[in-house]
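In what comes next, chain A is part of two complexes: it sits with chain B in the first one and with chain C in the second one.
Up next, the complex of A and B:
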């Protein structure tokens, strides 16, 4: 695969300029702060509550913004112009994702701080969040590539929100309804399990399993996004 | 030897049950400006999309710059061509200059390429304007600037001047000729027969899925001429005479000795006439 830092940087800079002038979408980055401050003021300080906000951020900021940016490029035919240029699939997908990755990382760091959440192992948590961001970016890309307009794309991220952000809550029902246990394998649920484990010195093997599940989801989503992108290069 | 820039052999394109191109063949030599003409919906844009790997033909062979057209998908071949179509979009929130900057970086061009491209389309004064504030003709010119910025070997222009005023149109014709002089082959579609005639070395007429006529404009005019002339007399009478008719010469010399001829004109068809004859339709 041919990757060019110059092209990636050019696409990143372009996206940054567009994003900073697109208030309808950039306003979304403030949503998690409000939620975090609210939880903080209420004195809610459980891991579940922290991750309610964090998983919401991943869906409403990471996946939502990414899907809107991709859908807007499709709607205005600029994605086709990029595809007709020497920028490779990797250049375009990495370039277009790096802005949302940076934004997500900053927003999540601030949200964690505002929540008053002090993880026992910051490094492992940061790594887990980074993997999660990549996963939600890929899911956002899929939503953006599947839909034709920004409107459709923002609606398409709603199921993502419901499944991945609220999915882990179903786990509480798993004693009554064993089927709800499936939710444990959601990347968002694994993120919570991992975070809880970090507080109680979880065995390395379980940390590894949580990462493996999250990385598995991420690879699958990236592959689907790439295939979908290749299909969008033609009109057939 | 002149190498072919584009070779299309028996290309067919069907969308489901609808056949847009039935059996199209033509060759474009390197260095040519080639006009692809035809009524709306005849498949001109479809052909450009096949040649630039945005569509795959149902049957037949299309070669671009010596390679199967589908290879134009590869990023290493994309810098070799430039394209302007109605699905070439710009970033509305960015300025003209910012739009071009993105692509000059993607093509790895020096900063001067932006200035040259803006000069090419006569938009130097509008460089700081946001695309969302531009007129239709200005947007078309920015898109053209982007298509020519990297001085490609091959340029696809799908109705490049459809929204332009005569002054800008002429400015762009001059620019395209200069680009062509430096070796760029140009594949152009247009509904403007004057444009085809002033710009193109050769043209092809596409109708109902096939190329119905192809050649140099002058040669086609000769071929489609009915070899007649119109003689207008002082009296206001008009006579149409066949050029290869002996009796015409007699009549002519008679009128000449009477000094009664006001005007003589050979009836060569225009490209527009040929278009209508070939397609059996009016310009759309």
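Up next, the complex of A and C:
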């Protein structure tokens, strides 16, 4: 598969302009800031609360924007011509994803700052967040490919929000209902475990397991997204 | 290059017959269902342009140009490209604020840049104003001269005649090369004498007689002669050649192999490209009749214009 930086850059710029002028979508980036300020002013400073906001941001900003960008191409009948363009699948997906990655990274950094959260090991946390962003981008791509319009796509990201952002809350029930313990293996739950571990000097093995689980989810999501995209390309 | 179209059969009935097409700019005159099947088959071979293809409507025109030019790696300067598509004036406008015709011109940009050697276009002149038609016809001509093979799909014969004479009519019985009765124009040297002449036509088994000046134009379609009067067509059993002979004295002119036009009703000569013309009639809402390129000078002489 040939990758052309020029085409990736062209897609990045085009999507950036479309995104910044579509206020219905771009306004979403302000949601986490409001939430973060709110928590900060209320004086809540537990890891759980911090990561509630961070996981919400990943679903509401990363997955939401990615799915809307793809669904919008479908809605305005431009995805077909984009697929027939000289750009390869990798060009298109990397171009779009790199925009969403940049937006998410900036929003997350500001959110962490506004929350007043000072992680013990910034580097490891940043790495974990980067893996998470890639995962949510892939999930957003899947949502976008399954839907036909921006409106459908924004509804389709709701299950993502419920499962991945609120999933870790179920863990509280795991003593009463052991089945709820499954939620521990969600990438969002692993992110929280990792962050808690960083504060209490968790052994390297545990860190490694958390990363492995998150990377596993990410690879699975990326593979599914690529297969779906290829399938859509031959379908219509 | 030959273009092969495979047969499509549904429930024992042939929907699309198998056929082989040849030419530089090939016109296909068929219905919308067959067009869909043809486009489905040809998307493997080259870029296929659909009528419904959309735009990034929040980008400005020049941003759209830059995007597609970067995607295709086109080295031409932006100014030149904008001029080629007649969009220099609206370069700062957002795509969603453009008129439908300007959007159609912009849609052709993808064809121009992603084109390659083989292009299929669905309804190339559908819902276009005259300026856009001229620009589009010019671009198709330009690309054809550079070696791109075009397949134009339409269910409007006049549209296809703007760009080509290699037109195939495809129906379930097969693919027929449209024959525009390539015959030598007959030279009539006798002095025209005014006499009572009625053209006999048929409509729903009724015989109807027309005075020649009533007739707007006559066309030959699928071997049938259609006499058009005030927007309604009537079949006629005479051949075009016979009609031409009888109507010459009334100011009728054989402007195309399959058309005879009443010159009294011609309002405008439209120039699509430097060798593609049409006649616009003063009747109805812009009835347009094709004009062969080799007939233009003769016609001008006949009606005394330069």
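What we mean here is this: the second predicted complex is superposed on the first by the 234 of 236 C-alpha atoms of A that agree within 3 Å, B and C clash if a C-alpha of one lies under 4 Å from a C-alpha of the other, contacts with A are read in each partner's own complex, and residues count from 1 in each chain.
The rule is simple: contacts are C-beta pairs under 8 Å (C-beta built on N, C-alpha and C of every residue); 3 or more make two chains touch, one makes a residue touch a chain.
Because the structure is predicted, anything quoted here is derived from the model rather than measured.
Partners chain B and chain C clash in the overlay (superposition on chain A).
In the superposed model, A:102 makes contact with neither chain B nor chain C.
When the two complexes are overlaid, the chain among chain B and chain C that reaches more residues of chain A is B. By the touch criterion stated above, A:233 is placed in contact with chain B alone, chain C being left untouched. Residue contacts after overlaying the shared chain place A:88 against chain B, while chain C stays out of touching range.
Contacts of A:22 after superposition: both chain B and chain C are touched. When the two complexes are overlaid on their common chain A, residue A:45 makes contact with neither chain B nor chain C.
Residue overlap on chain A between its contacts with chain B in one complex and with chain C in the other: 6-7, 9-11, 13-14, 17-18, 21-22, 76-78, 80-81, 84-87. Those residues of chain C that touch chain A in the shared complex are 43, 47-48, 50, 52-59, 63, 66-67, 70-73, 110, 114. The touching residues of chain B, when paired with chain A in their complex, are 49, 52-56, 73, 75-76, 78-79, 83, 87-94, 98, 101-103, 105-108, 146.
Within the complex, the chain A residues that touch chain B are 2, 6-7, 9-11, 13-14, 17-18, 21-22, 73, 76-82, 84-88, 91, 233-236. Looking at the complex, you find that chain A touches chain C at residues 6-7, 9-11, 13-14, 17-18, 21-22, 76-78, 80-81, 84-87.
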